[in-house]
Amino acid sequence: MAALVPLADAVADLVRDGDTVALEGFTHLIPFAAGHEMLRQGRRGLTLVRMTPDLLYDQMIGLGAAERLVFSWGGNPGVGSLHRLRDAVEHGWPEPLDLEEHSHAGMAARYGAGASGLPFGVLRGYVGSDLAAHTRNVSTVTCPFTGEQLTAVRAFALDVAVVHAQQVDRDGNVGLWGISGVQKEAVLCARRSIVTVEERVDQLDPRTRVVLPSWVVDAVSVVPQGAHPSYAAGYSERDNAFYARWDTISRDREPFVEWMRRHVLETSDFAEYLRLLAAEAAAAVGSR
Amino acid sequence: MAALVPLADAVADLVRDGDTVALEGFTHLIPFAAGHEMLRQGRRGLTLVRMTPDLLYDQMIGLGAAERLVFSWGGNPGVGSLHRLRDAVEHGWPEPLDLEEHSHAGMAARYGAGASGLPFGVLRGYVGSDLAAHTRNVSTVTCPFTGEQLTAVRAFALDVAVVHAQQVDRDGNVGLWGISGVQKEAVLCARRSIVTVEERVDQLDPRTRVVLPSWVVDAVSVVPQGAHPSYAAGYSERDNAFYARWDTISRDREPFVEWMRRHVLETSDFAEYLRLLAAEAAAAVGSR
Amino acid sequence: MTEPPEHAPAATAASAATADEVMTVVAARELRGRRTCFVGIGLPSIAASLARQVHEPSLVLIYESGPIGAKPTRAPLSIGDGELADTALDVVGVPEVFSYWLQGGRIDVGFLGAAQICRYGNINTTVIGPYRQPMVRLPGAGGAPEIAASAREVIVVARHTSRTFVNRLDFVTSIGHHDGGDSRKALGLPGDGPTAVITDLGVLRPEAESRELVLTAIHPGVAVATVRERTGWPLRMAASLTETEPPTELELGTLRRLSAGRPTGSAG
Amino acid sequence: MTEPPEHAPAATAASAATADEVMTVVAARELRGRRTCFVGIGLPSIAASLARQVHEPSLVLIYESGPIGAKPTRAPLSIGDGELADTALDVVGVPEVFSYWLQGGRIDVGFLGAAQICRYGNINTTVIGPYRQPMVRLPGAGGAPEIAASAREVIVVARHTSRTFVNRLDFVTSIGHHDGGDSRKALGLPGDGPTAVITDLGVLRPEAESRELVLTAIHPGVAVATVRERTGWPLRMAASLTETEPPTELELGTLRRLSAGRPTGSAG
């Protein structure tokens, strides 16, 4: 049954060093606040799982929180590379990052199989690609009816899933709408789960398309704008300017570490982080 | 691209003798009007597929339109047996009916695999049940990662799927909400598809949860109350009294045939059938 | 059916309760303390609704037609009633309800009916007589085989007649404790199988080792001889056979409100 | 990148069009007469939006993030832009978009970008250099391997540089015509593979038998020598090499409206 708790408590209780963790979100509803809290609490040795690692995983990798990344597309959408991810892979800084990579279809099948209590998923995928040669989690299976050979992928079994959603109702049920990615599947294939939400409401909005019942979630924390610079449909717009700015912030090691220290490690929570960003933006306007 | 056509034309164009046809609907949105039209046009030799065959398939089987039934639960929900189905199975009247039966989970996996372009679906199912011994469409598959043995079911490849929905928009897109069963999967694993709807609207209702884009449907026909005695959430209530009445109508062969002749075969369309039922109900009230 | 579906009412506070009502009330009590219940078609449906209203307001009812967290205010006539969808927290597609929710291991209790049940709690809802030449063709499996396999435990609700409680099933639709002992576990099934069979005469539960169903409780006014007579195998009594607490006024009143307008003797 | 991303504008009615704009306009034209397009991340996104606005208003755009039938009025910055969801006929989950829609065989055209592409239209978006000691780590596969496999045909959009059009891929992320000839078919892939590669210099298409990409059209003002220079294999010309029709005012105006406010040189 989902407990409504401060995010710091949820992370302290539910995320451990060395865990396999998915902070999911497909452009939309990316759980930045929860990821930042893991950094503040100094989590290390994580295996990070996500279809589309973007800035949040760049930040976590750049501060050395992860030793492994399982993913299918890692970039700054519409902008370019993830410099910290590249630095870790290309130069082992701040530490080597082991990569396991898949296609989106394969990752989705792995999540779906995990959510369904199956040990593997089946798809027409990876054929002719070099991807399968670099992982032990892609294999083949033969159709017992047609003899056709298909691709099998190993189901995910996560320690922790973390997602951001628009709302939690008074009974602890979570509702989200808009682009919903694999968030439901991630929560359903994790032993423990944390959801941050924009708002607590009496009843979920009629636009709700994906419901996570209270009893499949361990902790819910209300963190308005907890997906920034990503967005929450109906609550906020994607901060495209920040995504562009990240290219500069993250390009070199020292300025990146300094930025993270000042904005994440030395702020007490996500609200303070947002206030700091707002103050900087105001100052930038004022100094023009 | 869905053509908006009269139901009689849709059935004439798209349903052929001997076809494998699913008229799906899980208590809700059962496409009675389309099934009746198949009877009016004298379709024969059909393989009828459905998770929960109820009165509609009882009618079709009782008039000898089907030679085979693929299903997982066949009854009159809340009332009792389907007498025509039982008569066909127990006594071969009006002709023998070949049964292939599954569990709901197995049928759902067959539909899901078909919709996904896979030759089989995987589930934890049928274990310890005698069901699998009576069909060639249930087998096993071994997980290439864990060595675990799981159940495989053959994907459906339907000739025709028929469903009822609440609405079609001006571009021919179909929307439905409420209990949605396997209607989407049925349409997506059929070569041809017919949708009857309550209403044509400019824009689909915000309550819409399942969308069938125009380009996956062959024909859409507006047939208000086309699911009677089943219901369409937001448009009609389930006619529970009719379900109870069916127990009497269908119990014996001659009265059944006579009822079907008068109400289905000798009416010109579903609207006339509904008018006839309404007139009978009014007469019954008047004679009290 | 020639056997009377109900025995004479007991001379207690529940004297007005029919045997069917006692069965439903006792079945509902079994859901106390549970979180999630997958409600099969048939008799269980009304008991599950009752349990939510009387014992366990937060009990999550899940139906094979897709509603998750339904809050029925009257006994649904069918598993796909509009009220189930209207009152539910969410309505998912049928493939999802079976894959993510049942098979995903999220169901505490599967609540099933039975046309035949044997001493090991295996269930037949398919056919009486030979499969290809049936004497009675029953509705079939529905969701039961996988509910029986995957729910953490299973509770069966069935009227106690010698036609239903048989020595040997004509067809195994849904597995219970298989051949008894560890044989269910050997099949690799995730759930623990039937932990209680609630009838209109009493309650049967599997013995610890053999997994054979024995009578553990008897309803008020019912004779042990009657239960034995209507059981197709030599039914044994638990050492600690108890008498069922009669239905309370709250239980009975709520049940009757739920049932108002519902056809009697319904199988759905 | 040291190579100039654009060649000199052609002295035609489209004299104001940049090479990138010509590429996008020509890519959009390829979608004429198509019904459904699965839009990959990168350059294809803006061309698909343009095609819907100028050529094929009923073109159904499907994105890997879940929107089906999106109607973007500006070029999405990312594949998960809010506008895609807001304007879509439906938004489905990511597992469904890949299983029911792409793998289900419902996509006419898959529209992909490439970091490297070889003469057989195989694509690399994973890594430059050895996989374990990369010189450049690229974003990876995304949806491309299965789009390349399952869409009825594939159209690739890529800037024409010798870094991109290489003799040998460092990594095969997404399969094109494999080793040429019937080798793709032998892999059992459902779709036909790449039928056009649109660049900022011209258009390449696979030869009938060999499936090797040859130059079939060249953009106004581009020299064949330039195309050859920037292609890492000995590029052959089609017998019927044509010159691209320059962008019309409608095409160019619409493209610029779509692109307004979008970062230039973007890869997303």
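The first chain written gets the first letter, and so on, giving A, B, C and D; residue counts start at 1 in each chain.
Here is the rule we use: a residue touches a chain if its C-beta (ideal position, glycine included) is under 8 Å from a C-beta of that chain, and two chains touch if they have at least 3 such contacts.
Keep in mind that this is a model prediction, so the values were computed, not measured.
A.B. asks: Using the touch definition from the top, list the chains contacting both chain A and chain B.
C.D. replies: Touching chain A and chain B alike, sorted by label: C, D.
A.B. asks: Would you kindly say which chain has the C-alpha centre located farthest from the C-alpha centre of chain C?
C.D. replies: Ranked by distance of C-alpha centres from chain C, the top chain is D.
A.B. asks: Contact counts by the stated rule: is the higher one at B-C or B-D?
C.D. replies: B-C is joined by more C-beta pairs in contact.
A.B. asks: How many angstrom lie between the CA centroids of chain C and chain D, rounded to a whole number?
C.D. replies: That gives a centre separation of 58 Å.
A.B. asks: Quick one: chain B and chain C, Cα centre-to-centre, how many Å?
C.D. replies: Going by mean C-alpha positions, chain B sits 28 Å from chain C.
A.B. asks: Could you work out how far the Cα centre of chain A sits from that of chain C, in whole Å?
C.D. replies: 42
A.B. asks: If you look at chain A, which of its residues touch at least two other chains?
C.D. replies: As it turns out, chain A has residues touching two or more other chains at 117-118, 123-124, 148, 184-185, 209.
A.B. asks: Multi-chain contacts in chain D: which residues touch at least two other chains?
C.D. replies: Within chain D, residues 99, 103, 150, 190 contact more than one other chain.
A.B. asks: Sort the chain contact graph into one of these: line, ring, star, complete or other.
C.D. replies: It is other, because the touches fit no line, ring, star or complete pattern.
A.B. asks: Each pair of chains that touch: what are they?
C.D. replies: Applying the touch rule to all chain pairs gives A-B, A-C, A-D, B-C, B-D.
A.B. asks: Can you name the residues of chain B that touch chain A in the complex?
C.D. replies: 117-120, 122-124, 137, 139-146, 148, 150, 152, 154, 206-207, 209
A.B. asks: Can you check the complex and tell me which residues of chain A touch chain C?
C.D. replies: 1, 115-118, 171, 173, 184-185, 188, 211, 213, 215-216
A.B. asks: Under the definition above, what is the set of chain C residues touching chain A in their complex?
C.D. replies: 35-36, 58, 60, 68-69, 89-90, 99-100, 103-106, 150, 190
A.B. asks: For the complex, give me every residue of chain D touching chain A.
C.D. replies: Residues 41, 64-67, 76-82, 84-86, 91, 93-95, 98-99, 102-103, 122, 126, 131, 134-137, 139-146, 149-150, 171-175, 178, 184, 187-190, 262-263, 266-268.
A.B. asks: Within the complex, which stretch of chain B touches chain C?
C.D. replies: Going by the criterion above, the answer is residues 26-28, 51-52, 71-82, 85-86, 89-90, 101-105, 108-109, 111-112, 123-131, 134, 148-149, 178-182, 184-185, 209-210, 231, 233, 237-238, 240, 243-244.
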